[in-house]
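Comments concern the structure below.
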Amino acid sequence: MTSTTYKEVTYTVNVEFGDCDPAGIVWFPNFFRWIDAASRHFFVQCGVPPWHETEKTLGVFGTPLVDTHSKFLKTASYGDTLSVKVSVTEWRDKSFVQVYRIMRGDEAIMECEEVRIFAARRTDGKNGIRAVAIPPAIRALC
Amino acid sequence: MTSTTYKEVTYTVNVEFGDCDPAGIVWFPNFFRWIDAASRHFFVQCGVPPWHETEKTLGVFGTPLVDTHSKFLKTASYGDTLSVKVSVTEWRDKSFVQVYRIMRGDEAIMECEEVRIFAARRTDGKNGIRAVAIPPAIRALC
Amino acid sequence: MTSTTYKEVTYTVNVEFGDCDPAGIVWFPNFFRWIDAASRHFFVQCGVPPWHETEKTLGVFGTPLVDTHSKFLKTASYGDTLSVKVSVTEWRDKSFVQVYRIMRGDEAIMECEEVRIFAARRTDGKNGIRAVAIPPAIRALC
Amino acid sequence: MTSTTYKEVTYTVNVEFGDCDPAGIVWFPNFFRWIDAASRHFFVQCGVPPWHETEKTLGVFGTPLVDTHSKFLKTASYGDTLSVKVSVTEWRDKSFVQVYRIMRGDEAIMECEEVRIFAARRTDGKNGIRAVAIPPAIRALC
């Protein structure tokens, strides 16, 4: 019998007036804004250098999304403080799974599971990006 | 043998410099901004009045997300013109499925499938929203 | 000889990857996002209730902008922590002047001076907003 | 007696639900989003190549703001179609003045006057940007 635990990092969000729509609740693209910040925050907290440095050392300029699946459980509004709990739950060859739970105290507000890649510039002279193998130096930190 | 076709509406997006991140590609929360606009555009094109009118007539102030699943297939950047093709593919009792394909000419850039509800204010005096049965007047238009 | 001091409140911003544009620097509309949050934060710190409460008690649903003048002094990028220093420097009959200095440590990044109003719904049945006299209860708190 | 006319370009905006705040009106940082898009649209309409091309040919990667002064005259809301009328009214040595009038039909909604620069990377090895002399090739097009 095994049990796996993942490093979990918390990113805190203060919901602002301008994050809310005419219904008075958070306009949902803002949840993805916070999730993207929490994703990067996870790596920063693990000690991974900022992307403008990893671009020079590893060619990696960020972790674009490949796939995202989210459930919106409760609404939030301005004045709320939200905790985004973020972990990496799976490392694949050229992608990884990052999961998020957004909480307001004990209440779950949103859940999200993403597949992301470590991206570098294409080397064939064309525009666009390519997935690179998970850099061992980054994985070791996380 | 049957074949089902859905009404499809196109919402056009001109990608702007400020929609892109330091990697020079669209920052993904902006895709959800466009998808939300395309969702409302679908109803407007079908002849549904704006939400501030339906709030008075039907109590419905919008169509918040319950669940969203997206795949990011290619990157886009400023100067691109994108077509968001949107349909409602399923009507349930208190929710509906809205699907999107974002195209740049013939290239698929992103696909998204959402579950949304028609939302009204709670009637028990508490804050928050509740799903109402799909208004027949709206469904008939779509 | 007199000297006037104003209550100053600080709002802290962590600049995120997605706040930056393809040049790698903060895309300027995001500065206004933070300034708007700092404006509200000022009132919250002074003890003014949230706008959805003042709408019920005073008819005031927010403090829309009338005029804004800003200078951008230095660029900022993701990873930076910014302090937005905010004061109200003048109370007029139906408007007030709110000023902001955005600092990164000792470096001034941006300065902004705004004229805002306390807004209520129009009472003539038309859409739109109207400026109300500065509510004494709010001014007394600030 | 002289009269000066400036080339004027129009950028069209369809205001979306998510552009509006809990007061039901456009949240003002979105006006700056549209103004930035209109600024770039002006140069595109004049035949100036995209910034990722001018970065290679002229070192110019964009036109960051130095100073902006705006007046908000009327509110706008979702469903509105706005016309952003944009001109360059003054060319200085290392900066230029760009002005905007945002109209809803005949109604003026917002006015804005900006000072912008053509920016290149610093050449002293430090981070940050520097203003370059107005590129004659760009000025000739506008």
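Should a chain be cited, it is by its letter among A, B, C and D, assigned in written order, with residues numbered from 1 in that chain.
We take it that a contact is a pair of C-beta atoms (placed from the backbone, for glycine too) under 8 Å apart; a residue touches a chain by one contact, two chains touch by 3 or more.
For clarity, every value in this text was computed on a predicted model and none was experimentally measured.
S.K.: In the chain contact graph, what is the shortest path length, in steps, from chain B to chain C?
M.R.: 1
S.K.: Between chain A and chain C, what is the separation of their C-alpha centroids in Å?
M.R.: So the centre of chain A lies 29 Å away from the centre of chain C.
S.K.: Between chain A and chain B, tell me the centre distance in angstrom, where each centre is the average of that chain's C-alpha atoms.
M.R.: Computed from C-alpha means, the inter-chain centre distance equals 23 Å.
S.K.: For chain D, write out the residues touching at least two other chains, lowest number first.
M.R.: Answer for chain D, listing residues that touch two or more other chains: 17-18, 21-24, 27, 29, 33, 36, 51-52, 62, 77-78.
S.K.: Could you draw the chains as nodes, link the ones that touch, and say if you get a line, ring, star, complete or other?
M.R.: complete
S.K.: Would you tell me which residues of chain C are touching chain D in their complex?
M.R.: Against chain D, the touching part of chain C is residues 21-23, 25, 27-30, 32-33, 36, 51-52, 61-62, 64-72, 74-75, 77, 119, 127-129.
S.K.: Under the stated contact criterion, what part of chain D meets chain B in this complex?
M.R.: It is residues 14, 16-18, 24, 33, 36-37, 40, 44, 50-52, 62, 77-79 of chain D that touch chain B.
S.K.: Can you list the chain C residues touching chain B in their complex?
M.R.: Its residues touching chain B are 17-18, 20-24, 27, 29, 77-78.
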